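You will see two complexes here that share subunit A, one where it goes with subunit B and one where it goes with subunit C.
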Partner chain A sequence: MRIPLREQTWNISILGLVVGLTLWRGNQLPVFGSYEIKTILLGIIPIALLAMGQSLIIIGGGINLAIGAEAILINCITARFSEGTSFSTSLKWALIGILIAALIGAATGWVISKSGIADIVVTLATSFVLIGLALFVQPGPGGGVNLEFAQAFSGKGDSFVAPLLVLFLPILFIWLPLQRSRIGISLYAIGSSKDAAFLSGVNVARARILLYTFGGVFAGICGVSLTAITQAASPFAVISNTATLNSVAAAVLGGVSLAGGVGGLFGPALASLVLYYIPTIMLGYGIDPAYSQIIQGALTILVVLVGGLLRSRGK
Partner chain B sequence: MKPSFAKSNRSMIALWIILIITFIFTGIVDSYFFSIASIGITLQLAAPLGLLAAAQTIVMLTGGIDLSLAMIATGAAYIVSVKSNAGLTTALLFALVFCVLVGAINGISIGLFGVNPLIMTLSMGAILIGVFTVGVSTFLRGSSRMPEVLVTLSSGLIFDPITWPLLVWVIVGGFVHFSLTRTGFGRVIYAIGDNAQAARLAGVKVWQVQVAAYVSCAILGGFAGIMLGGQSGAVAISLANSYLLPSVAAVVIGGTSIMGGLGSYSGSVMGALILSVLSYLLAILNSSEAFKQLVYGGIVLALAWVYSSISERK
Partner chain C sequence: MDNLLEIRELAKNYGSVIALKSANFSVSPGEIHALMGANGAGKSTLVKILTGVIPSNSGSIKVNGSLVQFTSPDNARKNGVAPVFQDPALIPDLSLRRNLKLTNTDISKFQEKIVEFGLKISLDEQVSRIELPLLRMIDLARALAHDPKLLILDEITAALPANLADIVIRVMNKEKLKGNSVIFISHRLSEIGEICDRVTVLRDGIDVDTFKTEDGDENRIVSAMLGSKISQSLTESRESNLANESLIQLKSIQDNKKLHNVTFRINKGEVLGVVALEGQGQDSLFEILAGERRVSSGEIIFKGSKVQFFHPNDAIRLGITYVPGDRKSALMPQRSIRENLALTKFPRILRWGWINQKNEDLMVDKAVEILEIDTRASSQVKRLSGGNQQKVTIGRWITTGFDLLLCFDPTRGIDVGTKNQIYQLLSSLSAEGKSILLFTSELREIELVCDRVIVLYGGKIVAEYDATNCTEELLLNAAHGRVE
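This part shows the complex of A and B:
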């Protein structure tokens, strides 16, 4: 599938922004070696994975306001049952966690297509249910994971190879094959127009269930990565809400149109770097992190506004 | 378009049945619930939610949504409490200016520049959290206590089970209901929610209506926030946070379509009442936070589903 020129321009400008911010951040740090790269990668992995899951769902014409809660639930499940276990048990629970996330996604998609209630309403309600479940599994902060398993995710010492793989393997093995398959095309099709897709013979209900299932897989991987990186679980609604907000912001910054049918997963992955840099750079100057929330919100609005103006001019 | 009389009637009956079932069930679990005093308290606690639902109803009828509503409410309450030593009128005026300003920014961005309402208001919420977090220690330093008059208006008793907040809700809510059903403003709100293109071709200045809708939404949110502040006595930055989902849920349960153009405030009132009885029930069950969240989310989903399947049947 060829990427349209406008989308490329968008991704290139985001890339430019990321490079600029990286230089800025690099300038703040006394040394900028592989350890710093590793820190940055570990900081963006959860945001990026969640942003990719959200983007996938938005491309298919939906939106999942429970995606942060999905990740937190998987974080709690894996951290609770992997604490003090062997590598293989931790791995087993990680896989179970991703499977559970996929099932939750599938259930969400099923409810949305079966009930005909708007995506926002269903996912807003499920976000409560999932946080409730997370609190059942892990009533407070705690849990843990096998150390070797954590290192397999976050890398030993200064090496940043493992986190880089965690970031790119889902793109390589889930997104690229999916995008080229019939299912991927049907996701773009229902995102552009459900009616047109239906009339062209796409099974809209099945495509939507698959859409939310794949979104759930990304949320699941995000939850496992949270367990591996923080080696603990934190069942808080605040965290899941912020994560959801960030995932939507990264998707929008990454060139995914909220109208559906437009965009990819590379843009949002890059954009999550921007979301990571803004508070980090400000903290580096000793500025109250509350300001970064203002800037991030304003930036998101500005991006959507400019994007909308460009799109209407292009017509 | 407003639903036909028979259809909207059937939906209202369904809402009444759901309300009565939750009401009786709560009474069976806790016999004290049937007392006049506890009904008064439930209605008093339902009032701010009812006002927030009114705000959300207006923007949802235009096909939008306001996810910054909780922070607008908190902000208004905060401003009133901090500025109250300069006099009540000044404080309320400051809060009004704040609400109009935020509502106008939301409305202009959405109506004139075509920013998606979800993104616009979600980001506005984040911006407001940032502004007030910073403000608490800088330009908004001061007392976080609400003025006595507002505390009385938010939680004072007139005679059992009628409280001041209930009276405020009835007056303001009645005004909203009247505006939506009997005035030109209400008509164009339904019109642009149903089909913005058609409304524009019929001569409606769509963006102006949207600005008016978001400003009214913000002002109603301010009312609700001040009431919440008065009920808790002091204002914290998380004052109205937990009311955001219920405000959307009340409207959805009440049968207003999130796509716009379909629904009514009377439905949202029923939604707000059902949710208030429900939260009373969850409170007396003395259950864990986990259980409360689980049940609340599940019931909102189930009610929305039941409602949509009832009202879709021809």
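This part shows the complex of A and C:
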């Protein structure tokens, strides 16, 4: 399958931005080796996974404002029940967590497609419910996980192989097969034009439920990765809200059109690196992190603007 | 012989609005059956039920003698019923290849059909970049690739230039020879007699007449469609009202590769027709005059002075209004008729920042009355039939006032009755001294509505005729670049 030219140009532009920022960051650090790469990867894994889940949903014409809350809930569940357990119990809870996230996604999608209520309303309400549940499971910061399990995610010592796999395996085993299947095409189809999709024989309601289910799977993996990386859980709405908004920002930066039907998951994964670098680099200069928010916002607008121009020229 | 399709007393209502009252209809194998009806007669509803888009309230559908109920378009396709809808059912953001995969279409069969049509298409092309006429052919090829027993063509020829329409007709005849059947819906009466075996006419949700095409002519169809309404003579020629004063002159207009050295003028009160096959530069010409597109070189002289447009508003302010071919792009579908009609008038109604409701009401009522718009579904324009939507797009300009109206294929996909109303509207506007530039894909309209006609071919004006004495044959030849 050929990736559309527009998506290629976008990915290349974002890749260029990422390379530039990496060089800049590398320049700031006294050494730039395996350990530094690992730090960066661990810093972006949660947001990259969340951005991929959000992008998938946006491509399908929806938006999930509860995706951060889904991740935090799974974080709380896995951290609570994996504390002081064996590797296999931790793994079992990780899988249960991802399954729960998928079910929450499916339920959200079902409510949206059956009720006809706007995605934004349903998912906003869901986010309150999920954060409430998270507080119920894990009333304050705490929890833990089997150390070997944590290392399976974050790597032993300086090795960055494990975090790299955590980042790429979902793309390899979920996104690539999905994109080539009829299900994947129908997700693009409902995002692009629901009417035309229906006339083409797509079961729109089922496709939307699947859409939110896949989004939930990514949120679930994100929650598990949070548990493994931080070896704890923090059930705070502030974290989940910021994560949700960042996932939307990364999706948009990564070339996903908010109108639906356009984009992929590579771009948003790369874009989450950009979102990670900006505050880190500014912090490296000792600049107030508040400024990095301004830069991040301005950059998002700039990139979307340039992307829009590229697209209109390409047509 | 047993009927392939048999419909008995099919009915559908949306709340209190009855879309289909009691339709009876049958198609035998190897038959091309025309389904006719004015806008709102229930054709679209019938097609939607037949293709599984919507369920019926009562009545029965039999395919090959057994009772069926289609639950989705996919389901209908699997039962051998393949539709080509009025709006192309292809996903704009996906490539053609992925669209075919979505509908489980055999790609090699599809390509066979495209080759048979004599067309060339790259499968990796994104659908949103393909032009509408080609999309309809693709839709047709896709439907054929499923080897349907019954092909439903809803207004397929409406947006097609003559050469592509010929291909469609060839395809239909070929299907017929294979023993397959076609339901053909068209507003072009002349096509019906030539192509179809039988005609069924719907009126107000009921089948009012079914006959073999050799037993009746266009007049029988029209009178069945219009019912008690007095049918206006279609060939009544207009009285021309020409002042010899030019309103607008175009001098050597050049637009990159689309228009070459286009020069013409329109006089006050004149209706100038434009005839062209698809993609001969007519889109650019209209967009330039509407201020949506800039020229590469050349000049436009309006009321004696040179003008330049940077924005549609510049053209509107001078009194040039544009009624685009795509009704959807001109209307706000979710809003009421009232708001749609009043939209273009806001600069005038605005007083001290508030909308003068009384003033607006008067204007809107006047427009509704002049245009005879059916206001039953007035709360949302998207619920109006195509013909009534078109009337709203024209009507919004009437009370605003204008000097030049640019009409791009205003009667596409509209029934005979509404067409006549639009012709009369255009005639009365020109009698008032307004000038009109009219592009039409129906050559018959030139003689009916226009004073003069220019023919575009390859971005150049290849011919200009007096509209009263030019035949459709002459125009068609010129449109293909055949000018002696």
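Just so it is clear, the second predicted complex is superposed on the first by the 306 of 315 C-alpha atoms of A that agree within 3 Å, B and C clash if a C-alpha of one lies under 4 Å from a C-alpha of the other, contacts with A are read in each partner's own complex, and residues count from 1 in each chain.
One rule holds for everything that comes next: a contact is a pair of C-beta atoms (placed from the backbone, for glycine too) under 8 Å apart; a residue touches a chain by one contact, two chains touch by 3 or more.
In this text the structure is predicted, and so the values were computed from the model without any measurement.
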Partner chain(s) touched by A:291 [first = subunit B, second = subunit C, both, neither]
first
Which partner chains sit in contact with A:200 here, subunit B, subunit C, both or neither? Use first/second/both/neither.
second
With both complexes superposed on chain A, which partner does A:301 reach: first (subunit B), second (subunit C), both or neither?
first
Does subunit B (first) or subunit C (second) touch A:31, or do both, or does neither?
neither
For A:132, is the partner it touches subunit B (first), subunit C (second), both, or none of the two (neither)?
first
On subunit A, which partner's contacts cover more residues, subunit B's or subunit C's?
B
Going by the contact rule at the top, pick out the subunit B residues touching subunit A in the complex.
65, 109, 113-116, 118-120, 122-127, 129-131, 133-134, 245, 248-249, 252, 258-259, 288-298, 300-301, 304-305, 308-309, 312
In the complex, subunit A residues that touch subunit C:
1-2, 4, 182, 185-186, 188-189, 191-193, 195-203, 260-262, 315
Which of the residues in subunit A come into contact with subunit B in the complex?
63, 111, 115-118, 120-122, 124-136, 139, 237, 245, 248-249, 252, 258, 288, 290-298, 300-301, 304-305, 308-309, 312
As the complex stands, subunit C meets subunit A at residues 53, 72-74, 77, 85, 87-95, 98-99, 101-104, 124, 126, 129
